[in-house]
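You will see two complexes here that share chain A, one where it goes with chain B and one where it goes with chain C.
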Partner chain A sequence: MTAFSEDQIERYSRHIVLPEVGGRGQRKLLSASVLVVGAGGLGSPVALYLAAAGVGTIGLVDSDTVELSNLQRQVLHTTTDVGAPKCHSAAASIEAINPDVRVIPHTVRLTSANALDIIPAYDVVVDGSDNFPTRYLVNDACVMSGRPLSHAGILRFEGQVTTIVPGRGPCYRCLYPDPPAPGMVPSCQEAGILGATAGVIGSIQAVEVLKLLLGIGASLTGRLLLFDSLGMTFREVQIARNRDCAVCGDRPTITELVDYEEFCGLAGALRSGKELTP
Partner chain B sequence: MTTNTADITLRLFGPLRTAIGQSEVRLSCVDGTVMDALSAFVAEQGEAARPFVFDERGNQRRSVILLLNGEPVADARTARLRAGDMLDLLLPLAGG
Partner chain C sequence: MRGTACPLNWVKTKLQLEEMSAGAVLEVLVDDGSPARNVPRSVCMEGHLLLETSVVSDGVRLLIEKR
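The block that comes next holds the complex of A and B.
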């Protein structure tokens, strides 16, 4: 077992002093790996808090470049990063916060062709993506590879967050077996998002991931937490595993990754050149 | 045969709230089930609401979570309403 350096003892002292974490827990974090899908509004607070906490390896999946309109909520990136690949600016921010962290940039779009090459290499996955095809893809790949997943979505002043632990509770498809009709759920680009709402929900995702890695507390498995920042209310909805779920049910009908644009009814939109993501 | 009227409140979340422009809608459902309430809601709100709730064939979409007084609705066709009930319509959020 590698001893902490003096700097590490000081850096992580507020963790180590917690009986629920301690030196043993901090070592778990330093040896853990987390994949963050999307270095945007949710992925930013998640990645920053995981980095600060000393999660040893953070993978980032994002193929976008930083735009000025991202900076109102995507706190991984700065004004000088505009135009740069998000994975690169995010890696620089993470490494500036904590040089203990190894960042693995995946400057690609997550697809059915590469998801099962990337996801199983990590202990826990965070979904901070911005479209339904990727959300179903990440869910299915996590169920198939047995990887815990922190799922969240945001829009305007609202957020939803839950934790999916395959074999121990419902998955995203148990919650939403089908996606909404194409075009019915606007993106943050179309409908807006109060930036700090992403911070609240992303921070909750970071807490969930740290608890999973440490093996402490009660996760949001089987619970969907709803946040309304206008009313400043949190509500909790109990969700049950669906025994007929197509991917995690007793007799799954989806046993390999599928065409998620087609599943979400977006294949035609894509062929016509419509943007899939904001 | 007698009919009963149940005054209920629909609470709307996410994109449905945006589409309708209200967070709550009050409905009077005659001798109703949750499905009756959904139909009444769509009849009142028209195309702003219909695609969220029903597909092209008129089937209830599985992308909407229904909560009756906070409890998940297993079958909207049989879940009966009482005056004062609160029906929540939750939709997934894509934004990240």
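The block that comes next holds the complex of A and C.
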């Protein structure tokens, strides 16, 4: 068993003294790999806390560059990073916190063509994406490759988070079988978000991932945690695995990844020939 | 572990204990003062057995049995 360096013993001392962690647990973290999809509002606190905790390998999927409006909540990036690829600035922030961590940047958009090339290389996946096509893609790819997934979403003053462990509980499609019609659900860009709400939910995601990696505590499988920051309340909803779920059910009908296209508004819906829902 | 600041005394003791089998005994030498008070307390909280504490010329000697 590889010995810890003096620095590592000191760095991780607050973990090591925990009865549920110890040196054994810290070694598990150092040899684990986690993929964070989206280095934005949710991805930022997740990546920062996982790096601080000593997760050995952190993959980051993000093809965007840092924009000024990101800085209101995306704490991985700083003012001098505006214009830089998010993966690069994220890697720099992570390196500054913990040089033990190896960052693997995936400066791409996840699609049906690459998701199953990227995801299975990791132990756990975190969904920090900001669009429904990616959410469904990540869910389906995780179910198909048997990878646990931390799912979350935020908007305005609210957030939701759950943990998906294929084979042990429901997946995202058990809860929401199909994506909403394009334009039905606003983005943070349109509706706004209280920045710190992303921090609360992303931090919960980081805790869930660490628990999964360490094999401790009770995870949010089968539980959807709903957060309202205005009222400062947490509410929990039980979710059950749907035996007829299209991707994780007894007889799956979705056996290949789907690229849902995200159209913007009226013109998009007409182009696709779909009927507009009133 | 003379000259070591807390909590590293306990952290290093714990890391040693993790590698041992139940029933094995670990001898630890710590500074008098905080380490000599803190380590025994942590040993017991973690469920191990403090067999013996003795003052020696350069500190405090602890004998710990791993449970």
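Just so we're on the same page, the second predicted complex is superposed on the first by the 261 of 278 C-alpha atoms of A that agree within 3 Å, B and C clash if a C-alpha of one lies under 4 Å from a C-alpha of the other, contacts with A are read in each partner's own complex, and residues count from 1 in each chain.
In this text, contacts are C-beta pairs under 8 Å (C-beta built on N, C-alpha and C of every residue); 3 or more make two chains touch, one makes a residue touch a chain.
None of the values given here were measured: they were computed from a predicted structure.
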| item | value |
| --- | --- |
| Touching partner for A:A96 - first (chain B), second (chain C), both, neither | neither |
| Contacts of A:G128 with chain B and chain C, given as first, second, both or neither | first |
| Chain B versus chain C as contact partner of A:P179, first or second or both or neither | first |
| First, second, both or neither for A:P19, with chain B first and chain C second | second |
| Partner chain(s) touched by A:F4 [first = chain B, second = chain C, both, neither] | second |
| More chain A residues in contact [chain B versus chain C] | B |
| Which superposed partner A:G41 touches (first chain B, second chain C, both, neither) | first |
| Complex contact set, residues of chain C against chain A | 7-8, 10-12, 14-15, 18-19, 42, 46 |
| Of chain B, residues touching chain A in the complex | 13-15, 17-19, 51-52, 55, 61-63, 65, 67, 70, 72, 90-96 |
| Residues of chain A defined as touching chain C within the complex | 1, 4, 9-10, 13, 16-17, 19, 22-24 |
| Residues of chain A defined as touching chain B within the complex | 38, 40-43, 127-132, 135, 152-156, 158-160, 175-181, 184-188, 191, 193, 198, 224, 226, 237-240, 278 |
